[in-house]
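Below are two complexes that have subunit A in common, paired first with subunit B and then with subunit C.
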Partner chain A sequence: MKTAMPHNYESAAAASRPRFPRRRLAHFTVWSLAALAMLLLPLCFPGGFAIALLSQMGIMIVFALSYNMLLGQSGMLSFGHAVYSGLGAFVAVHVLNRIGAGELWLPVSLLPLVGGLGGAFFGVLFGYVTTRKSGTTFAMITLGIGEMVYSSSLMFPGFFGGEGGISTDRVVGSAVLGITYGPARQVYYLIAVWCLLSMIAMYAWTQTPLGRIANAVRDNPERAEFVGYDTQRVRYLVMILSAFFAGISGGLSVVNFEIVSAENVGAVLSGGVLLATFIGGSGFFFGPVIGAVLYILFAVALSSLTHAWLLYLGLFFVLMVMFVPGGIASLMMKQAPLLAERKFGRMLPSYWAALGAGLVLLAALILTVELTYTLQINSDNGTLVKLAGLDFDAASLKSWVVAAALWLVGAWGWRAALVRVHRAWDEVQAEMAGGGA
Partner chain B sequence: MTAALELSEVRKRFGRTEIIRGVDLSIPKGERHALIGPNGAGKSTTFNLISGRSAPSSGSVKLNGAEIGGLKPFAINRMGLSRSFQITNIFHRLSVFENLRCAVLWSLGYKYSFWHRLASLHDARQRADQVLELIGLQRLRDTQAGLLTYAEQRALEIGITIAGGAEVILLDEPTAGMSRSETDQAVALIRNVTVGKTLVMVEHDMSVVFGLADRISVLVYGEIIATGTPEAIRNNGKVKEAYLGATLDGDAGQGAH
Partner chain C sequence: MEFFVISLLNGISYGLLLFLLSSGLTLIFSMMGVLNFAHASFYMLGAYFAYAIAGKIGFWPALVLAPLLLVAVGALVERFGLRTVHKYGHVAELLFTFGLAYLIEEAVKLAWGLSTVPYSIPPELDGPLFHVFSSPFPKYRAFMMLVSVSMLAAIYLVLTRTRIGLVIQAALTHPQMVEALGHNVQRVFMLVFAGGAALAGLAGVIGGNAFVTSPSMAASVGTIVFVVVVLGGMGSLGGAFVASLLIGLLQTFAVAIDASLADLFRALGLHVTSATPLSSVWDLTLSQMAPVLPYLLMVAMLIVRPRGLMGTREG
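And then the complex of A and B:
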């Protein structure tokens, strides 16, 4: 690599294409803005809960992006990705405990790297088996490996810590520049730095020969073989790299939670990252970032408000798969040409109408779900449901009538709004096609 | 001089049925060779055996004197043989340019690199752009390959096949499903891109075959019944019988597409 550098710089200077510097500037701007946002967010939301939320988002972003190296970039549907983040986390927690015992010396700031190397090691090990096949077979093998690792977590209590897991203390060694990782805010910034570095590295990977060939293998594995590529090798290498970044997220979770247990390698987390990636949109690099943020909002913020959070997440996932299979990122990217042609404003009235109707439907859904939950599960504590400052009694007919009315109004409004959206969309598209010709 | 491609006693069985029944074929370097024959004669199967899509049951396939029978497609490709497909086989979600760049990466030695930036690989970009110009798709450079018209996809298919600079090119029905004018363009393209290379093609369109080929082999029921110049093949009694006698469907090639 070192020897190739001067040559590349030379020819880059010789072929002075105006496109590349501008693109580089755009990348620089985007990453700078991301860094700035990460820097400022905890200042805007200084509460303990908000910091915890932001930290978990950072960890999930790395995890979901590493998952999308497989799903979106290489077309590999894995049902066991938590294996790599989880085992990376176990390696990291043991190393951290060694540091705490004074047997090892390593700054805690570098612990995520240990997790990454641990993840990559198991990527080398398990990936060799899983990536021999593609498609459905691959998916089934990852499911099997996931179950295998999960069940061995109870069989090897020395490494996995049995049912209680392994706990640790992140405040070890001498403070560097006053950073002890005692306060949650310091942990947040550690996560933010690693999250940003991982995002940049994973994006850079998509712009390398292996990254592009992974796309080719996703689109048409057979053809990739006929232009000289061993698709099995491509899948294996991508798996190792992906496991490395998953391991980094595992290492970060060790520092954040100070405990690792069997759940870290479990199917729930493997399913969660699939959900997050899909909701965000696997077709675009930044899709999983949106998905990870939403997933944490559901799993952490919403779960503290209602027991039914999994139901909401499940419904949201089903609706996305049915109506927006490209994820939220695809929905956003559809608006890009409109913004570029300054036609987005034309869509806004219909979008507002759809949003209004959608909110009414959401209110109807929430009321129905919460009333049902209260009756079915929580009825020992009374049948009163508090929503948006209003009291609803699940035992009285009135509450159910309100819910039904909301459903009716919402559904009618939604249909009307969709007609408006489609009409406005067709008009704008026709204008843009006409303008282009 | 060793032949570019040499098949001897190649056989392929699927279960109890023998599809290829002892094919012998020797194609010298630089020749344009056409493989013709009625439907179901085993032309595509022969291509698959040469290119590694499936392994021969017995016999030997040699590329520039080296045995390649039973090797994996990528291994054969790296030895300098590249093929196209009868059913368009491209990277649908990548742009036309990216399709071609993927096809040149291995030949330029970038292998599985994740430490090079694609944008700084000027040789890969130049080679891909060069092929892009050769196949005449410059104005569609950044279009997603899946959105191209059929004829454009066929041109891209040929572009991907030749981009890696292979010395031996196999084209499987390159003009299938094309209109007359599209076929003429495709023939000009094939002539253009295979200068100095060895070309083997399966083709049903006889005007294409007689226009391009230096020599022709006729495959009937898994056996080569004749090999020779276009003139010799046109006047060969066995060939006439195969095409006009027992198997009438073979004549469909004359103008069905």
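And then the complex of A and C:
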């Protein structure tokens, strides 16, 4: 066994060697497309709100990917990841204020790096304690550390700025090539560049020996130790790296918002990044990117429409945990073999049916929640709810009957659609298995 | 002396309340390996249910009915939630309860509004029970201690003296063996989860009006309960008891003491001024540090003795 294993690995590597140029080309294409998309998006959506949304998405993508270095790559479930992005942001904001006062010289474009170093510093500090354990205990310790940092934010007003936080001005120093970071679009492109660089760096990290060993520690810590790796050391190193990238996202948020407060290290953000990463799918590298985009849509776009956005997000998260534990990325990757075999079209009718039934259920849910919300919290402004151009009066029985009817129709349709999806899926899978044999 | 006795009594009553919460959490953890993030949410639900029931038919029926409602909630969560995600492993179960905590908080906001509700102490328990020199000790604190202690005695008796208690204890360590002997371990799990939820609900009923009943109460007490469980050692009831009292006393005493490290240095003949390096650290008083102390204690414990006070297993 001992002699056979390396031999196997070598032959596998030899077999895949001719494919490397193709893989490199594929990587190059994917990253170029990502860069192109980032370049063109603000031109397609030039509005102020869209730019703000895109900027926050960029920041969240870096943050969620750094979180997934822990959760997805190394199997460490952290409930206090905002500590590193938040403290990195505080370090960055102090440095930025020093730059503004003329005590330091540093181009604003490099500020995220300062945040990253700040995050990594606290990663070295706290990671030493947290990574001594793994599994559930690790999760609880990170929760405790997060709570500790949050409650100490009121104790050290000099560093954390007390209740109001620390505000700053990003337009400082001499303009390099006319870039002042005054307009929001310039900030967006700064975020985009850092986001792309961080994404490439984090992807490259997954291919390094440390990234591979982190996977081994996730899958079977006991074996990794027998092979001779110190799992605690691996976790510690990953934590520091992850804190570095979290700090970069913190530094970006300083440039974007020009304010850092205790909320940046709080449990809401720590929970948010966990939700985003898991919903997107922690098993695939690009999963957290999807999750981050969705999370920002929920947190920024939906929260301006309804106060109950956390309820929708929480419900979405719980349903994902219960029925799609691999996240959206796993749903997408399941379709890849079908697309490759050109059988995806066969699934489409059942998918459309499921989508239709799902939309009816969603409408039922939204109607119920908004009616309740209007009655309970917002009844001072009248009991009228406007949804999709229709008026519903929360005080009348009619709206509730409509909601109940939507629930019934949706539930019935959903069950029927699920049966169709399963039947079509089994048929296609059977055909593919038969074709392969 | 006066301050010491009153703080001691307050600290113990708070510690006992924490133990009502952490005992359920510990039992659920040692039995199912699930760290129940929604446990503090059950505490919150207990307080809100009691508030709703007390408004209609009075406090005493609420004391019984609210925990019973929590039994139903706990059983439903276990049957239709946890059992579904069980096949995906412990992380999925943890995440499920984490999401559930979000949902319960939002549902509470939906049902009872965003602000604090006026859930008050019943008039017959209002007022001081006795005076220590000149400071009064409220009747309600004594009532809280009475309820907690009698509940704990009841759990102890159930776990050690009854048939179902022995089955639970056996299922803690050897679930397969217990199943092979013909007991329905799934149902025992459900029972323990529902029981733990009821204990948390009871803590909410008696704690909600002593402290504050608001949608943020789950978050504020939740992390403290986790600290208790880590300090005491994961899965150890005795450890949870000691740690609960320790945290209860620590927080009560620390809030009232206005001494700082600078004062200590001054007593030793060293003078700290604003020019001294790290002066903001030395000038912090103990009362300012009170919210952080439990977490500092936990970090110190993890460095010195990672398995907690009485824990047996290394996480």
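We adopt the following convention: the second predicted complex is superposed on the first by the 420 of 437 C-alpha atoms of A that agree within 3 Å, B and C clash if a C-alpha of one lies under 4 Å from a C-alpha of the other, contacts with A are read in each partner's own complex, and residues count from 1 in each chain.
Here is the rule we go by: a residue touches a chain if its C-beta (ideal position, glycine included) is under 8 Å from a C-beta of that chain, and two chains touch if they have at least 3 such contacts.
Only a predicted model underlies this, so the values are computations on that prediction, with no experimental measurement involved.
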item	value
First (subunit B), second (subunit C), both or neither touched by A:132	second
First, second, both or neither for A:322, with subunit B first and subunit C second	second
Partner chain in contact with A:397 - subunit B first, subunit C second, else both or neither	neither
Touching partner for A:44 - first (subunit B), second (subunit C), both, neither	neither
Touched partner set for A:227, first subunit B, second subunit C, both or neither	first
Between subunit B and subunit C, more extensive residue contact with subunit A	C
Touched partner set for A:209, first subunit B, second subunit C, both or neither	first
Touching residues on subunit A, where the partner in the complex is subunit B	1, 4, 8, 11-12, 15, 20, 23, 204-205, 207-213, 215-216, 218-220, 222-231, 233-234, 237, 241
Residue numbers on subunit A that touch subunit C, as the complex places them	75, 77, 79, 129, 132-141, 143-145, 147-148, 151-152, 155-156, 158, 267, 271, 274-275, 278, 308, 310-311, 313-315, 317-318, 321-323, 325, 369, 372-373, 376-377
Complex contact set, residues of subunit C against subunit A	33, 35, 81, 84-85, 88, 90-92, 94-96, 98-100, 102-103, 105-107, 109-114, 219, 223, 226-227, 229-230, 234, 280-281, 284, 288-289, 291-292, 295-296, 298-299, 302-303, 306, 315
Interfacial residue positions of subunit B with respect to subunit A in the complex	51, 53, 72-74, 77-78, 82-83, 85, 89-94, 98, 101-103, 105-107, 110-122, 160, 163-164
